[in-house]
Amino acid sequence: MRIAELEPGKEFDSVLLVARKELRQGGRAGFFLDLTLCDATGRVPAKVWENASALSERFEAGDVVRVAGVAETYRNALQLRLERIEVVSPEEAEPSEFLPRTKKDLGVLESRLAEVGKSIQNTHLRELVLGLFRDPGFRKRFRTAPGAKDLHHAYVGGLLEHTVEVAELCERVAEVFPELDRDLLMAAAILHDIGKTEELSWETAFEYTDQGQLLGHLILGERVVRERADQVEGFPEDLKLRLSHTILSHHGTGEFGSPKVPMTAEAIALHHAEDLGAKINMFLGHMAAARDQGRRWTERHWALKRSLYVGGAEEEAAEEESGED
Amino acid sequence: MRIAELEPGKEFDSVLLVARKELRQGGRAGFFLDLTLCDATGRVPAKVWENASALSERFEAGDVVRVAGVAETYRNALQLRLERIEVVSPEEAEPSEFLPRTKKDLGVLESRLAEVGKSIQNTHLRELVLGLFRDPGFRKRFRTAPGAKDLHHAYVGGLLEHTVEVAELCERVAEVFPELDRDLLMAAAILHDIGKTEELSWETAFEYTDQGQLLGHLILGERVVRERADQVEGFPEDLKLRLSHTILSHHGTGEFGSPKVPMTAEAIALHHAEDLGAKINMFLGHMAAARDQGRRWTERHWALKRSLYVGGAEEEAAEEESGED
Amino acid sequence: MRIAELEPGKEFDSVLLVARKELRQGGRAGFFLDLTLCDATGRVPAKVWENASALSERFEAGDVVRVAGVAETYRNALQLRLERIEVVSPEEAEPSEFLPRTKKDLGVLESRLAEVGKSIQNTHLRELVLGLFRDPGFRKRFRTAPGAKDLHHAYVGGLLEHTVEVAELCERVAEVFPELDRDLLMAAAILHDIGKTEELSWETAFEYTDQGQLLGHLILGERVVRERADQVEGFPEDLKLRLSHTILSHHGTGEFGSPKVPMTAEAIALHHAEDLGAKINMFLGHMAAARDQGRRWTERHWALKRSLYVGGAEEEAAEEESGED
Amino acid sequence: MRIAELEPGKEFDSVLLVARKELRQGGRAGFFLDLTLCDATGRVPAKVWENASALSERFEAGDVVRVAGVAETYRNALQLRLERIEVVSPEEAEPSEFLPRTKKDLGVLESRLAEVGKSIQNTHLRELVLGLFRDPGFRKRFRTAPGAKDLHHAYVGGLLEHTVEVAELCERVAEVFPELDRDLLMAAAILHDIGKTEELSWETAFEYTDQGQLLGHLILGERVVRERADQVEGFPEDLKLRLSHTILSHHGTGEFGSPKVPMTAEAIALHHAEDLGAKINMFLGHMAAARDQGRRWTERHWALKRSLYVGGAEEEAAEEESGED
Amino acid sequence: MRIAELEPGKEFDSVLLVARKELRQGGRAGFFLDLTLCDATGRVPAKVWENASALSERFEAGDVVRVAGVAETYRNALQLRLERIEVVSPEEAEPSEFLPRTKKDLGVLESRLAEVGKSIQNTHLRELVLGLFRDPGFRKRFRTAPGAKDLHHAYVGGLLEHTVEVAELCERVAEVFPELDRDLLMAAAILHDIGKTEELSWETAFEYTDQGQLLGHLILGERVVRERADQVEGFPEDLKLRLSHTILSHHGTGEFGSPKVPMTAEAIALHHAEDLGAKINMFLGHMAAARDQGRRWTERHWALKRSLYVGGAEEEAAEEESGED
Amino acid sequence: MRIAELEPGKEFDSVLLVARKELRQGGRAGFFLDLTLCDATGRVPAKVWENASALSERFEAGDVVRVAGVAETYRNALQLRLERIEVVSPEEAEPSEFLPRTKKDLGVLESRLAEVGKSIQNTHLRELVLGLFRDPGFRKRFRTAPGAKDLHHAYVGGLLEHTVEVAELCERVAEVFPELDRDLLMAAAILHDIGKTEELSWETAFEYTDQGQLLGHLILGERVVRERADQVEGFPEDLKLRLSHTILSHHGTGEFGSPKVPMTAEAIALHHAEDLGAKINMFLGHMAAARDQGRRWTERHWALKRSLYVGGAEEEAAEEESGED
């Protein structure tokens, strides 16, 4: 039974990933286990009240476990009371399959991106982009990487989804502003976040790698792009420079980690298109969670530093009606 | 002869608007007149070396004048040496026709915007938008207003041009993120800057009105939208609130004059789409000026606080070639 | 028995408002209810250890309840152990009467404000101010509204109290600086925060309304003032503009929500007088709480980002003595 | 003839202070002298066109000079064309008498301040304040010191004028908030800026002293207050501490030079009252200059970073009329 | 048994200082005591599960207690379960001896500092420095003071250790930049933080004094230095000014509490050398704690606002090997 | 005759570099040439009053010219009146030899740096550093590069001088804090700014290259270091990562261009040591200029945003005397 299918008051028997594990003081037995479990359909808190100290030594966060017990409601939200828990060996279950996952079809997204890549007219840029995606190792990592550790598109496939969104926005930007170098903008849109495949790891959880933390995806991504461009014969130096600059400056300011601010029209276009895509994803994700709980306002978002307005059933109904007449 | 047609070393006889007038100390006669003249095709500095004090009393900035003299080169740029200058009466020449003007066709832009307005499905929003544009006084001001005093789209018709660009970007945003309320987003895109018709004046120059300076276009625009919405029968209160919020928050933060930060998905979408459109216009305009002068880097932009990279003939040639093989 | 009268170790039987309700895990029974109760004399934490899950479904935050039990001491502060709890119907008890309330007399404050209003010489401003307070609906809301959700004057009647303080400070400001337009300053002082009657709700707790959160009291207040001014015959446009500007800019900078910074002498005067009144209220309130607990320093104040110095009995005694000789 | 009495087109013969002197390239003779001259009634630009190099060696900025010539108009403002210039010896003319000077009566201001000092009930604070003003050297410097180099109250007597204004505002603050320690607040109001008598020099111009620049008036003033308090027998230590803290923190934040933020109610009260007084002085002074020139908006103020709205004759007339009916 | 000697699973009987005491709700008995105990070798959490309410009244944070019980492991860290606890009278045990303490030898540090003092050639500065350290009261406080409440060098002897480090860095700075006034720099290095002996108290915990909080160590230290300099005959005024400025500006900016930014070469040198010494101490201390727990990354540091990279056994081993060939 | 040897009132005949050239309006002939000329000993303003328009076409900024005329004084500073000017061909004179140049001996600095490099014990780091300096092309650029365009060490040889200073400071840092990895710190100190050899050009002036402006020396330097490390056999990956991080983070924060803040002890050490070295150089250079002009305070420094205190002859004399007794 997957998490999205659990119901309060019902028994369950599921295979889930342990996302967080804490042995805490409290409960009748002195100690209890406080867990967060997840699969591709969601996350749920869980408690083990009996025999917690001993059980705690048998598994760790990142393990896949088979659990059984009863689903309860606590503060209007689902919580599992575990009566049995046992580790499933990595051979039987791939932890990464239990992580949150884009709701979109990865194959469709990949085709969409390939299409964009092929629309690039400049042969050097096209060869750079297509060549990179011919590399099976890269392609595999790119297709499953999350878009971030916990900010936006923080789910398996999120990087690909985000990249397609940014590329689609840039297509329109290039139409509205024909003075832009469309080829450079589209290549940069596709490549801007490839450093995330090295910045993050997502085997059993979304984490930063050491080099991700110490260097960051801008540096790691630009390094790959530079090396690839050096291998494409006759790639103009000025174009390499513009491409490197576009990737390194796409966070917009030093405050957000870009060593240089955007100084070309394509760089400013990518920065804003990327920010637009990321921010709307953050808003929609945060609002969906609140809407599921029937709230008119979301909780305060730690990074956005604000609550978001969801509104309620009455208004929406009223609005729909008025939209029909 | 229009400014774009003047050539160094040639005589001229033109009708131009005085954009700036200063009586300065210097020259052989003790005083000279230092002017900036403009028409719809551009701006040019001009000097009057003889009889400056007396001439200075005959006209003011904002007057249209007939001037004759010789075009010279000074520091690689055109400069006029005026030998004759006389005021043209307002009946003969409308000053606003001498201000810089969008290169796009106003009629085409208006049709494009009307199309977007008609694509709104929600009857209240559609009626609000279309009703406003049926008001001939508003429509006339909206069609000629500049987009800003001197930052982006600072030319007659700039507000309309900017509004169309933002609306077109938002169309794509609504496609990429179907969770957004397209009708609200498109209505807000069309209405977001209408307060500029009251914030600015552009009879003889681009200036702030008193209420523009003291209240600003966000407040002035929201006031109009609110009054219009109150006149549309059955306009849902929640929708009025969302629309007002979207307009008031579209500058993103208090630092840029929004009394509230965006708290709905449509508000964040409009903010970023608007910023993207405005910034690219600033970049392209600033780079065009430098490219005309054959410079590889622009001068430092006072608001962007950076120079922009234009690059040069060699690279572009090289790039095009390499793009062909 | 009111909260201010409760004593540790004594039994009680009181009617109180539930300000906060949480069902938490812990205690012998697995769950307990963690409450904050309040009436006009103060707030007190309370616990229900028995039968918490079931009781939890019978009432919500915002309900008035009759409770009985024993008052205890926990970490040097009073805490109630509830043994009985039952809901009181809204007919029997008006929730808003249990909210914290100014210690000052509302009637006296109202008279004081009316006096200030009548001292305005300019007939348009006087008519605007007095007309607004003749509206019984507005007057009722204005008289009971809190000054803020939780920052300063956060109690029933706080808005009126704050308004009187600011008006009294402005009277002196106008004396010290006779160049100021006293009428404009006094009208603005009276009207500056009237938007809070729409920004906040205080039926069962101090909360933001949707429009309060999305538009804010500056916008809501200026809208009312503008509409009222439009109804006063012959109200000069320039005076409307100055009044709107004074209200919209009274938070001083965009960072604090003003879409424009103060640009007239009256606007800067109101901003600083208002800030002075609000800050002293925050300081005095925060220090009073600490003084009651016998502490020399307050806890760190979340918004002021500092602890405040209260000092202690020794010094005060010493000081008084030394002040007498 | 004093500067306020000069008229365009008329000859003059005046004794003035040289506030600024620059030998510049230009004019028919290759060089000219560009001066700013001042006396207690104002400042005026002046030019010497003949024999500038030689004349330049005969006097310096800070000298008093007798000048004769013709008053002209340049860019709508008065400018002197000097035909004769000769130095006046310091014995004949005290430079400081030519500096700008408060329009108020210094004797009246001093009496007002003495009154406030005597109203202090606490004997230690009263003795400290009155003792300081019994020191004739201090009193003389305090009575003539400017309030700042060029920000607010930048004229002889400005410190005294500012101090009286702040003290008068604090009197009302203490009435509105009776919880405040009135004696401490009034003493601090009187003493808060006494360090300016050591921070600034105003013999021939308003300048910083070395210690003013390197230590600042907060440190210099607190040092004097501390030493004085140490000499008052029995002055309570806690009161010394509160007084020192109030003076050191009165700029409000580290950004404005206070080593500590205000942490007592009296300190926050003084900070805001002082800021209010200083800001209104800045506004009124800046607006007066623009009003004299018939402008609706002031020039941008370098420290306030904004233009101020003065408005014009029409509105004022309209306002007065409407105020009469 | 000292804290560094405790082992999980073993019984203990130790004399320790109570650094923190909280009576909390939970556990089988309804309440338990949650303590932090410390001695010069470290800190450890402890719990009392039985009879907590009654025991809680017998001692306070800051008391020295004799405790016995069993050491356990909780979340990979040591935790004590106390079975007996009794207060030790202050006569028997000096609380300050149980506070964390520098690992360096205080005598060696003092000799090192004396050496630096004697190397000063300027007689006034040397006399000022050496005279201060001849004062036994000052010397005693200086030798044991912590370097800060909880940021860097937060242990007994930390001030002395930090001062020696800064002085040693400044010795090299003066070598590399011989243009600097070595004597002034070395004197300022020795004296820069002496105000901490009055800003902090460390009898039973590291706390701010009232004057430490309200005035700060920059003000307190400069006051002492100034008084001492006034007592040294013939001490040049300009040198006093430079020394005061160096001390007051050594935090670099107003944001960090300096009323003036550094304006001499010696002041900027001291500021940066001091910052360097303090920051490296913070890094090394924070990393040591993580290394002890076998972590590759530290927890996020509250003041540095980042995690630090420790790295792991593998890399170090690899590195050492590779370093050998 | 070199610039340092010119004297007011004397004729000269010199070979100098044109650092700046402007054709300006003014003077008797309508136009004059306003130049800045320089050689390795300094910079001097110069004017050409006759035949300026024609002469202006014969040379450009960056050319070496032979000039003759008379040295004059203008506003207390030297200025040249040119009577003859002719271009010197690049074969005859190397422009870069006329740029400002370190006063130190380049050979001595290089030996010092080589010594530091050889003191590195870790074979991989030593090989990386020494290998780089064996590359004659790199070594030549490194030895002559300026340290910056115009901030600190802005003279030929400035990069080498700055690098030696930072390395010497780091030697002491490693002594004071033996927990640091001395080898990593010393290697990073030597390599931290090598990207400046690609960021800047100094053929005829100090300028940014395109890649310098668009990518910056942090990115360019890390790229070189990374490539070199990849070529050293067996270079541990973790060490590469730490070295890259140290270089990229050495500006301390994103605001100053580092994509990551320092997260290791060596990185924070290098950042502060580098900042210390750069700031003292800025202070000393700016103060020397003012001291040469006999000023007690420097002009406001554009980047430091402050004036610096130089002080005067009296104090220094007094100080020296008092230092002798």
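Some observations on this one:
As written, the chains take the letters A, B, C, D, E and F, and residue 1 is the first residue of each chain.
Throughout what follows, a contact is a pair of C-beta atoms (placed from the backbone, for glycine too) under 8 Å apart; a residue touches a chain by one contact, two chains touch by 3 or more.
Bear in mind the structure is a predicted one, so any value in this text is a computation, not a measurement.
Set side by side, B-D and D-E show the greater C-beta contact count at D-E. We define each chain's centre as the mean of its Cα atoms; on that basis chain B and chain C are separated by 45 Å. The geometric centre of chain A is 39 Å away from that of chain B, both derived from CA atoms.
Each chain gets a centre from the mean of its Cα atoms; for chain A and chain D, those two points are 59 Å apart. Shown for chain F are the residues that touch two or more other chains, namely 26, 28, 210, 213-214, 238, 242, 245, 263, 307, 309, 311. Taken as a graph of touching chains, this assembly has some other topology, since it is neither a line, a ring, a star nor fully connected. All chain pairs that count as touching, in label order, are A-B, A-C, A-E, A-F, B-C, B-D, B-F, C-D, C-E, D-E, D-F, E-F. Against chain B, the residues of chain D that register as touching in their complex are 26-28, 47, 74-75, 296-297, 307, 309, 311. Touching chain D in their complex are the following residues of chain E: 210-211, 213-216, 218-219, 222-223, 226, 238, 241-242, 244-245, 248, 253-260, 263. Note for the complex: chain B touches chain D at residues 22-23, 25-26, 28, 30, 210, 213-214. On the chain B side of its complex with chain A, the touching residues are 121-124, 165, 168-169, 171-173, 175-177, 179-180, 183, 234-239, 242, 245, 261, 263-265, 268-269, 272-273, 275-277, 279-280, 283-284, 287, 306-309, 311, 315, 318-319, 322-325.
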